[in-house]
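In the two complexes that follow, subunit A is the common piece, with subunit B as its partner first and subunit C second.
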Partner chain A sequence: MEPTGGAPGRTAADPAADVLEKARVLAEDLALNTVKAWKQKNPGMLAIGHLPVYTPRVMFEAMGCLPVAVFGAGEIDIIKGDSYFQSYICHIPRSTVELGLGGQLDVLDGMVFPSICDVIRNLGGMWKLMFPAKMSAYLDLPQNFAWGLGGRFYMGELKRIAAETEKRGARPLTEEGLRRAIKAENARRRALAELDALRREEPHKARASEAYLVARAGGVMLAEEHEKLIREFLAAARKRTGRPMDNVRVVVAGSFCEQPPLGLIKTLEKAGCDILEDDFQLGLRMIDGDIELKDGMPALESLARAFTERGRDTASRYVPDDTKGQALIRRVKECKADGVVFAAASFCDPALLDQPMLEHALTRAGIPHTSFKFAENTGQFQVIREQAGAFSDSVRLWGGQAA
Partner chain B sequence: MTTTTTTVKSEKEAQKDRSQARQKEMIANHFKKLARAKEDGKKVVYTFVPGNLAELISALDMLPVLPEINALQSGMRKRSGAFIQEAEKAGHSEDVCTYVKCDLGMLKKGNIGPTDEPLPPPDLLLLSYTGCFTFMKWFELLREEYKCPVVMLHVPYQAGGEITQEMRDYVVAQLRDEVIPVMEKVAGKKLDMKVLQQHLALSRTAEDALVQVWESARHRPSPIDGYFGGVYYVGPIFSSFRGGQDAVEYYKELLEETNDRISKGLGPMTPDGVMPKEKYRLVVEGPPNWTNFYDFWRMFSREGATIVSSTYTRVGGLYDTGFRHDPDKPMESLADYCLGCYTNLNLPSRIDLLEKYIKDYQADGFLINSVKSCNSFSVGQLLILRQLEERTGVPGGFIESDLVDPRYFGKANIENRVQSYLQMLEARRNGGR
Partner chain C sequence: MAENTQLTAGLDAGSAAVKVAILRSQAGNHAEVVATSVQRIRRREVAEVCRIAFAEACQRAGVQPTAFDYVASTGEADQMDFAHGHFYGMTTHGRGALVLDPATRCVMDVGALHARAIKVDERGRVLGHRMTSQCASGSGQFVENIARYLGVPLEDVGALSVTAKKPEEVSSICAVLAETDVINMVSRGVSTADILKGIHLSSAGRLARLIRAVGAEGTVLLTGGMAADKGLIAALKESLSEAPSKKKDAAVTIDVHAHELSPLAGAVGAAALGAFRFDQLRRAGRWDVLKGAREGAAAAV
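For the complex of A and B:
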């Protein structure tokens, strides 16, 4: 039986059921069995973990490594991790420590902590002390985007981390290797762009909760394999014959680091929201367009320039001009969304400090919005469902005036 | 053990040193200058304490405003609670930094400074992005309000435990290519390098004196309190006065007072006068609470507990490990200053520093005041506690409060914890475990 609209992927006959199940297993692979299998197949090769938001995974792939997204532990019980953090700290560091102390991350040869907030930054320092035998690298992403300043510094950061990874046994970073990896990465990015386009144009064929699984599965895969998975899902989803639902079209913002539980995303959908765009797996979409390889320009410079020149606006990235909120408004307009749902992790300073500025920008632009907070282990969604439902209804009935 | 809950004097009734009175006068004069800035044609720069470029600002004849200082002053003057609620009413989350909300609330209430005079709006927001991500969001928020130019100085983090030449070069290049040109444009004048060097030389003189004051705590009894008293000692050098003659005079007087107390065998000045007997020597990690600052101080001083060293007093510059501003290397030393502030150190380096303080100052214990507002300080403090106890054998205490949100200062709870901790130190001293 074909799904009849709105919620495909829930019946045995759903053409996307198999690929979604494959993606779910990968996305929920907290024991990193996929990574263990990869290392068995590739003896001597390294697996390098990285925290959100953005780490140039492509550089590690070029060195023969498997980059592994360590984006929290969802709803698992936190026992040891809580004893390292005060109650007012967000959830992702405690679940990361829980995984580390529980041995689930033993398969990783190193961890990269990108400079996105004070919590992840300090977690990097803790890692050095708690797991001294492993590589623990802090990636200081530039906040100055002038090429001669921040760009040059960033190139140095990438070279430093590449050298550190090489010392741990990775292959040297070569021009040829990086070019090859960037081509694979660009192919993955195009597939992701197609997935995003399908969500925008036919949200009943590719729901956000499904796109989330398909994207997150890429956290334990090389770009080339991930591209295949995305394309497999795309092919299957396009075969779906469901019809559009009478949902409101929303963009979800603020979940770029700690990830919302899948149940929360589904709750928003059940509450009548088609999530056309989000920042759940922002790292994979951090750069607008391809990483452009040019003749005469070293591939590492291409990679660095892609970040400094075409990095996406987000709370952990300084917006040098007085354009706060403009990027979000642009995205809302591009995907013809009716409104924005802010979903920030509790105690997430960057998201929550950013949010009032974004809200003001949306209000000025006449775009309805609503907000709530979550933690990756949030288990009760009823209140969120009611709030999102009220938002959805108000947008449908009054264009958001009552939101 | 005595109780600390009786007859608590207010801030006005607290006893103070001559140097404190001098500092109060310096601050009052500075705020008067700020209140007159527009009519005097002075340009006003808002900037942060860690990584502040005081010498550059004064060399360009501009006046600094430090929003963190305004926030803490609002906390001490019992105004922060209302300011924070004002910001929360405007949509700011209860989860985020209360310094930011206090500042935004103060702005919405007319931006009246700590001396009850209006603060001028900024001509420039100088975003020294040193050791704290929230700074970046803070000035993005202020930019929305003031619509004035912002210049960002991205200071790399000392993740590897050292300042590398690449980091220094990056900061110097930003100063040279972006920060100084923008400041010159706003100031309407070119930077005179000789004037900058003069200011840097004055900074160095003041820094030498401050380090001598810090190191006086090796004496028994310590003539200073390096945390509660320490926040007064760092006032001028962390804020508007570094690089000026006033700061040099202040630190000269402070050092004289300190040496005088050493010669007389006296302990530090506390809100109740000179501490009669030093019973415990402690090191403190983390910022103080400002809303109940004197209550907090008395919880220690009335029990004979002197804080011989602290890390909070190094957020605006870490001088006692050797750094000095250097007039012969103006740009490089400004860069090293920014890179070297305490909160720009990684966690292992912070633990090393605390261990050094515990050993150098022969501390009986160390205490962590974990503040809700400040992830830069707070994340990792429970690991710091474990590591320090393991390395030094010295017992640690842990309390929680906030910077300027009075809702997070549970006086009875904190007092109980402090007393229990000091009782534990006493029991250990008497052979108990």
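For the complex of A and C:
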């Protein structure tokens, strides 16, 4: 009896098995072997690490650097990292320190800490003290999005960090180099958009856990190579012959910085949830649409305007009133989701401060929602499975109404 | 078959066995259990056991795998390629208990590895639940281990237990300590029946606390593999007849019993919910979301 239908990716004959394995190896490459290989192949070139949520990777690519996403250490034991932070601080700064002190990040020539919260800002300061020989830059992303204020400020920040990177041996940031890098970045973004569309339209062909691996693999690759990987997965996933399951369609929100363990995403899927949209790798999708290159407009301005004018309404951006709630409702409606699962990292202030407002907006709109917290090293998912299973059943059978 | 009658199957993979129930019902109501199948897993791959059990149930019912309006899985059978949908174990046990006894307002599900009391309303919606912690001393696996140590076939455990004259209770906290207690009892020459009754009383004490904690009143239906153990049912009745520790529980009447299909309650509930869901989707004109599932079921078995 050969399985022929149902959820894909679980049989030896799965056309996407090879590309998913490739993505898994890249996504779990904590030793940064891929980066070491890249540097060997490109002597003299720099590898620049960056933390979540959003760093304009394209600028570093334009300068001949390999931007490397340092998005935590998953399930490894944290020993040294814990001694640097209080117990009521999230997990990602601990694991980043653990990786740094453990030598796994030695291959990086510098680190960029984009502004997301006080904890990451403090981590940036600590990094300067811990690794004085390496470049350590704090990227202050604007919270005022008027071009004359926040836009100009952001341009200044990008120029400052570009100059700092150049001092360390990177190629100068040129108009031509940035335009070429933006084109590659736009191509990657279109591939990601296609992947997101496939997930929404045929979630049984591209599961969220698979899309997560494919997206996260891009953290150690240039945009052009990542686009190829995404397209390879897309081609394979479209060949799958599976059929849809009677699952609940959900949007997952709140996991934009510290990343959930893969097991957690799979647990949600096993509990009967088709995750149509999420913010796991938000940095890659932070800007809506392309970074528009216009004649007569410097490419750096295009990059800055894309962020200030078309950045996503998320917890790392200050957006007044009920705008974020309405944006979430719009996303739920666009992907025809039945409900929202809030999955925030424990002690993640940006996510947990936004959550009540978002929940309130959903409740007013009659959209069912549930919430739980995790840490990147969470290893037991039984409680989450029960909660997600109960939510899934409640939405499908009773329309999300409490009994 | 009338248009408003559905033929559905429920597939429940537990820790020790896979259970399948085939149901004919009207959106889960007026249900008739057409056929069942139980397969012990015995170190085999769960997915393979699920296929065998499903095929066996289809054969017993005399129906083709393509004949089902909805095949629903529950428990660990969450990746079955021939199922239309998966429901959570608590939801299916709640609904299954109502199919078996419509008066049920609380389900005491005792499986191989855990036990949980589930309070339900008249539609089977879960109102609340209490579950054992990670310790296995209130579960079927524990009873199975003790039976093996004592050299008693599992099917004889209940019958022997109810003949006990002077039972000795064992540790109700830890399965490891309880096993030590049992070894001591064997050394002291305590009879097998008394040891088994002691085990049952120990487990029943924990289960009674869960039932009271969830706020159960009226009919409590025992489900899961342990519902077939007469010794446990007798011990649970005894435990619940004792004066409760909290005053507020004194006025509460609880009637606990099992149905002959109680071990299959999860599968029965999954099948009933499958029928409910099929009807719901058909009314909403959304049945096409599961297009191709019948062909999938045919190919799978």
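Following the convention adopted for this analysis, the second predicted complex is superposed on the first by the 392 of 403 C-alpha atoms of A that agree within 3 Å, B and C clash if a C-alpha of one lies under 4 Å from a C-alpha of the other, contacts with A are read in each partner's own complex, and residues count from 1 in each chain.
FYI, contacts are C-beta pairs under 8 Å (C-beta built on N, C-alpha and C of every residue); 3 or more make two chains touch, one makes a residue touch a chain.
None of the values given here were measured: they were computed from a predicted structure.
By the touch criterion stated above, A:Lys270 is placed in contact with subunit C alone, subunit B being left untouched. Using the contact criterion defined above for the overlaid structures, shared-chain residue A:Pro356 touches subunit B, although it does not reach subunit C.
By the document's definition of touching, neither partner reaches A:Pro114: not subunit B, not subunit C. Of the two partner chains placed around the shared chain by superposition, neither subunit B nor subunit C is touched by A:Gly100. When the two complexes are superposed, the chain touching more residues of subunit A, out of subunit B and subunit C, is B. When the two structures are aligned on the shared chain, A:Asp246 is found in touch with subunit C, with no touch to subunit B.
In the superposition on chain A, contact is made by A:Ser392 with subunit C only, not with subunit B.
Shared contact residues of subunit A with subunit B and subunit C: none. Residues of subunit B touching subunit A in their complex: 90-93, 95-97, 100, 129, 132-134, 136-138, 140-141, 143-144, 147, 150, 152, 154, 156-157, 159-160, 166, 170, 173-174, 177-178, 346-348, 350-351, 370, 372, 375-376, 378-383, 387, 400.
The touching residues of subunit A, when paired with subunit C in their complex, are 1-7, 10, 242-247, 270-272, 386, 389-390, 392-393, 396-398, 403. On subunit A, the positions that touch subunit B within their shared complex are 83-86, 88-89, 93, 115-119, 121-126, 128-130, 137-138, 140, 142-144, 146, 148-150, 152-153, 156, 160, 315-316, 318-320, 322, 324, 344, 346-350, 352-357, 359-360, 373. Residue ranges on subunit C touching subunit A, taken from their complex, read 47, 51, 55, 70, 78-91, 121, 125-127, 273, 276-277, 280-281, 289-293, 295-297, 299-301.
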